[in-house]
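Below you'll find a set of structures to go through.
Shared between the two complexes below is chain A, which has chain B as its partner in the first and chain C in the second.
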Partner chain A sequence: MQTSEVKSKFESILNEQEDVSTGIAAIMTLMEVLKHYNSITIQGLIEELKVAMEAMKDTNYSAAAITSGCELFRRFITLGTMDYHTFDECKEIMLKRGNLFLKKLKEAKGKVMKLGSQFIIDGSKILTHSRSRVVLHTLREAAKQNRYFEVFVTKSQPDDSGIRMCKDLTELNIPCTLILDSAIGYVMEEVDFVMVGAEAVVESGGIVNKIGSYTMAVCAKAMNKPFYVLAESFKFSRVFPLNQSDLPDEYKYSPEMRKRDLSKEHPLVDYTPPALITLLFTDLGILTPSAVSDELIKLYL
Partner chain B sequence: MLETELVDVINLISDIRHGKVYTSYDVAIHTEQLIEKLISEGQWNTAEDLMVLIKARINRIMSALPQESTPVNIMRHILKIIRELYDTGFKYKSEGQQSLHHLITSNVDNAEDYSKPLPSLRSSLLDHLAEYKTGLELSTDNIATQALEHIHADEIILTVGKSNTVEKFLKHAAEKRKFQVIVVEAAPLYHGHEMAINLTKSNIQTTVIPDSAVFAMMSRVNKVIIGTHTVMANGGLRAACGVHMVALAAKRYSVPIMVLAHMYKLSPLHLCYEQDAFNICASPADVLPYSSGPIINKVHVYNPVFDYVPPDLVTLFISHQGGNAPSYVYRLLSELYDPNDNEI
Partner chain C sequence: MKVAAEKKDIKVETKHIQKSKNEGCELSKSQQTRVTSKKSNSELNTHFITNKEKLNTNIQAPSSILPFIERTKLEESKVKVVKEPEKACIEGLSKAEIKAQRRAIQDAQRNAKINQKSIVNDKQPEKSIKKVENKKAIPLKTEVFKTLDKHRVSLFNHLYFEEFEKLQSLKNFTICNNGVHPVFFKLGEEYRSKSILGSNARCLALLSAFKTLVIDFKTPPNQEFYRSLELTIGVCVSYLNKCRPLAVSMTNAVRTIKLLLTQSDINETDIEKKKNVLERIDRYIQDDIDTAGEAISLRVQEKVSNGDVILTYGYSSLIKRILVDAHKREKRFKVIVLDSRPLLEGKEMLRRLVCNDIPCSYLLINAASFVMSRVTKVLLGAHALLANGYVMSRTGTAQVALVANAYKKPVLVCCENYKFCERAQTDSFVYNEIGDCEALATINTSERSTELVNWKNYKKLAPLNLMYDVTPSDLVTAVVTEIAVLPCTSVPVILRIRPGE
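== the complex of A and B ==
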């Protein structure tokens, strides 16, 4: 597939299917690449997948989510190549297993929702940041179980995604308040816990998420409030940032921004270290940050 | 399921409620015996039948004694043993724990099917249970043998109330080393007094202090060694009331806290699931005797039994396998229980 084809395929998946997260869309696109691949070597296939991944990163979607999704898929291909006689046979098996794999990934959100909604008890006040599908669905799930709770949502500059989150919550009849990003400290004393999504979960057990998450985590720690992260396991990523400047530029800036002087640009994501995270709710269960590195080691060793 | 079929577990519940089975070790042994009897004499043909029988008992205990996690933990562990034996019996590649690696490599939808009869299951289960029971019986001794690694000469150790495991641990260390123990009396039950008497019998230099003196004494303490009722999934504790205060004082003075915990005290549940059921209140008579006169009508008296201690206050858990940090509890849990059994 041509680079432009890959890009348009990837973007059309995300535009058409509201419920699909970036990571899954990236994997779905790679499945398309695999389907249309007509050379006959694994080596060539891996090369083509790499090109497709670079192409997707060149779009305006979160590079962190795309990278972790694609890395997982590539790992899946390399672990999956077994002793088959012909490449076609191998490809067929890969496609079959790929679909099964995708199906499991799509079930992940349901599992996360189920685990996360248990922590929302009657009367809770929850602070969340930006707009995350999995957080929204978890809150919806808790509301469905007739729990009464209140949500504070940050406006989340620069894209103001919090406004949309607040609108979505209001439609679900969940009481919610939009707050300024700078008011995180102000509301922290009245909330019971913080619940955010993640673009990627890194090897240390920390997360990469919309800018401002780190501020929120530091603030939550200072006031002794639990900081919960909801993330499906396909967001687990093999990077180990030590500080903010350690994050790859492609995570922090959009392709357009990268063409300009970076010192004048606003980063889009930040890194929240594991020490500030209480628990991560994933489809593999409720994990402490240290359990995340364990999972990644098991996979990539 | 009919009430009559659950009579064994109903008896156990009543024994626990009436204090006939009091220490968690006794609860553990009784639970193990109950399940052993169920396996050898119960009406079941397949692993699935047996799991249904055990789950019915778990549900019964969870609803009757929500804060009593030991019997449920043991039954959960036995469920895992059943799953493993079934899988090995049919030469299935054990699914093991949910992991990212498994998500990627597994070929099939993991359909859970335990309905095929396996004739050897009963006998092999009984073998495994016998082994498990010996493990239970030796657990306290195994923990005690590690005492010399943690208690050094001339140290001052602080402990709260009475715990059989801690008592054995200290006595084992006292055979070789001289050290001093400070026992917090733990009002209103004052089990600490009994503990102090038992320790002095083994020639350990013991001081009893009131609960209010913990902070004052903490600066001289080298180590806090306590037992616990339950270890929660995040590494937090459900321990006797007053332990949180001790843990905070220890944190203030950077004194390490060792928690002696048998494996059956590890619960795969998090605090949130059971907010209301987390604590229980004992009779207020211990706090304010009924003989106190008219004041009784004018005041509220509470006597909570447990404290929740967050994991960041605990330094080390010591089980029969050795020491583990609270952040490692999740690994122990995945070895002990099957993730499918966490919620029943």
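== the complex of A and C ==
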């Protein structure tokens, strides 16, 4: 597949299927590449997949999510299939595995929803940031169980994704208030807990998420409010940022921004260190930040 | 009589070594260039990890061991040291060459021994050692308490070495010999005088001593090679432990080697067994110490960016290696070396970094909070990583980490996997080591003599020179090991997955 083909395929998956998150879309795209691959060497396939990964990272979607998705694909689908005799056998096994893997990943959100919704009790006030599919679905799940709660959503500059989140929540008949990003400190004293999604969960147990999450976490810590993160385990990625400046540039800036002078550009994501996170709700269970690295070691070693 | 005979033996060795040393110098240079060219092939970190096995075979000369040698060479003027097997592996000769050299060494030693007609291992070692211990234990205890109790800090009473008893037992050891190979007497002296410092250097010295022991070892009649070697190693190690308590790295190395001795095939000839053991020791040095260091260095270099100001404390061979490697990769950064009395290890670090053209500044630990605001990253070495995620390292490390944490600077602890330890510890009292109290009394920086010089005259004065302290895991941002960059809390997971235990 050509680079442009990969890109358009990836983007079309994300546009057509509302429910699919970036990481899964990346894996689906790689599956397409695998399906259409017609040469007969493993080495060639690996090269082709690499090219596809780079192509996807060049789009305007979160590089953090794409990277972790691709890493998982490499780890579980392409690695360890070398002991079959013919390439076609290999390919078949890979496709089979890939489909099974995708099925499992799609179930992940359900598990997270189930765990997360338990923590929303009647009368709670929740603060959330930007738009996250998992958070939205969890709130919907809790509303389905006839719990009454209130949500504050930040407007979340620069893409104003909070406005969309607010609209979605209103459609679900969940009372919600749109607040300014700068009003986080103001509303913090009246909320019960903070619930956010994540683009990637990193090895330290911290998260990489839409810019402003760190501010929210610091505020929550100062006010002693729990800070919950909802994330499926395919978002776990093997990076260990030490601080904000240590985050890879491809995470922080879109491909177009990277062409310009970075000192004048505004980052799109920030890193929230594990010390500020209370719990992470994942399909592996409810984890403390320190358990994330244990799970990652189990996954990759 | 026997002591004199031993001296002769050592002399023979020394001559031989001097020769091989001269040859070695030239060889090692060419070898180094070969190694660097090979390294560049495997620049990518991930690539490196997956191809670990392959790489191990590629690199013949463990470059990390070179600095240790430099260091010991420096100190050889103080204590005459002979260290052959280490040299052999450093020069990175081909296997055949190493074998030839070993054979030559063996021959020389055999001849020397025949002349003296005293063979080290012929006496059954374990029995006599037990006798010696039984004898000394009873009469000495009371005397010791009378003479030495007054200059002790009671909280650390369990850590004090029975100075008197120690010397006595050492004497017993040296006189009766007890199957301790002469190389361990030298090594013990080096440990005691602290001319070999740092847990990597100590462990490497120990392993090379083991190699000498294996080469010289003769199976006692009616005994199996591995079993009797294991016993002899046990005796030698307990002798070393009396000279200075073993480092965690050493305990782990000894355990691994003993384990491989018990797992080995006994249906081989002694020569094959020897070869086997030597190979395994070499592989341990390669895999667990040298290649591990390289992997860590690669990982940390990703974290070092241009314009960084890196603070480090004391002298850690691993940190030095990382900084030098990063500098070679044309990263532009500055280093602040913190140091503390009485060992002033940081001077060594400073010397080596400056030799490599890295911009440095040097301060004592009491200026830590003054410089910390300018620092961007803190890199620390470790003596051991404990099972609860705490870091055991030279005294002062906890203080540096605390200051760094107060200024919210990332603290990276670099530690090879073989230094991980199953013990859990939250304070520095239970397990520690007490250094020479005399070292606190003398201040070589001031011209005037201090009151402290006569500290033994003051009944109530008890100087305390602790060697290690324990840094809580929440002061450490990340631990860098050859497996991964981890938060401290994941140390138990690594311990769990470690093979062979």
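Just so we're on the same page, the second predicted complex is superposed on the first by the 297 of 301 C-alpha atoms of A that agree within 3 Å, B and C clash if a C-alpha of one lies under 4 Å from a C-alpha of the other, contacts with A are read in each partner's own complex, and residues count from 1 in each chain.
Methods note: a contact is a pair of C-beta atoms (placed from the backbone, for glycine too) under 8 Å apart; a residue touches a chain by one contact, two chains touch by 3 or more.
All figures in this text were calculated on a predicted structure; none of them were measured in a lab.
When the two structures are aligned on the shared chain, A:L279 is found in touch with chain B, with no touch to chain C. Using the contact criterion defined above for the overlaid structures, shared-chain residue A:S293 touches chain C, although it does not reach chain B.
Of the two partner chains, neither chain B nor chain C is touched by A:M165. When both complexes are overlaid on chain A, the residue A:E203 reaches chain C alone and has no touch with chain B.
When the shared chain is aligned, chain C comes close enough to touch A:D246, but chain B does not. Of the two partner chains, chain B is the only one that A:F101 touches; chain C does not reach it. Of the two partner chains, neither chain B nor chain C is touched by A:M53. Which of chain B and chain C touches more residues of chain A is settled by the count: it is B. Of the two partner chains placed by superposition, only chain B is touched by A:I121; chain C is not.
When both complexes are aligned on chain A by C-alpha atoms, chain A residues 290, 294, 296, 298 touch chain B in the first and chain C in the second.
Residues 98-101, 103-105, 107, 109, 233-235, 270, 272-273, 275, 327-331, 339, 342 of chain B are the ones that touch chain A when the two sit in their complex.
Chain contact summary for the complex, chain C toward chain A: residues 303, 305, 377, 410, 412, 474, 477-478, 483-487, 489-490, 493-494, 497.
Touching chain C in their complex are the following residues of chain A: 203-205, 238, 240, 242-243, 245-246, 274-275, 290, 293-294, 296-298, 300-301.
Chain A contributes residues 72, 75-76, 79-80, 97, 100-101, 104-105, 118-119, 121, 233, 236, 278-279, 283-291, 294-296, 298-299 to its touches with chain B in the complex.
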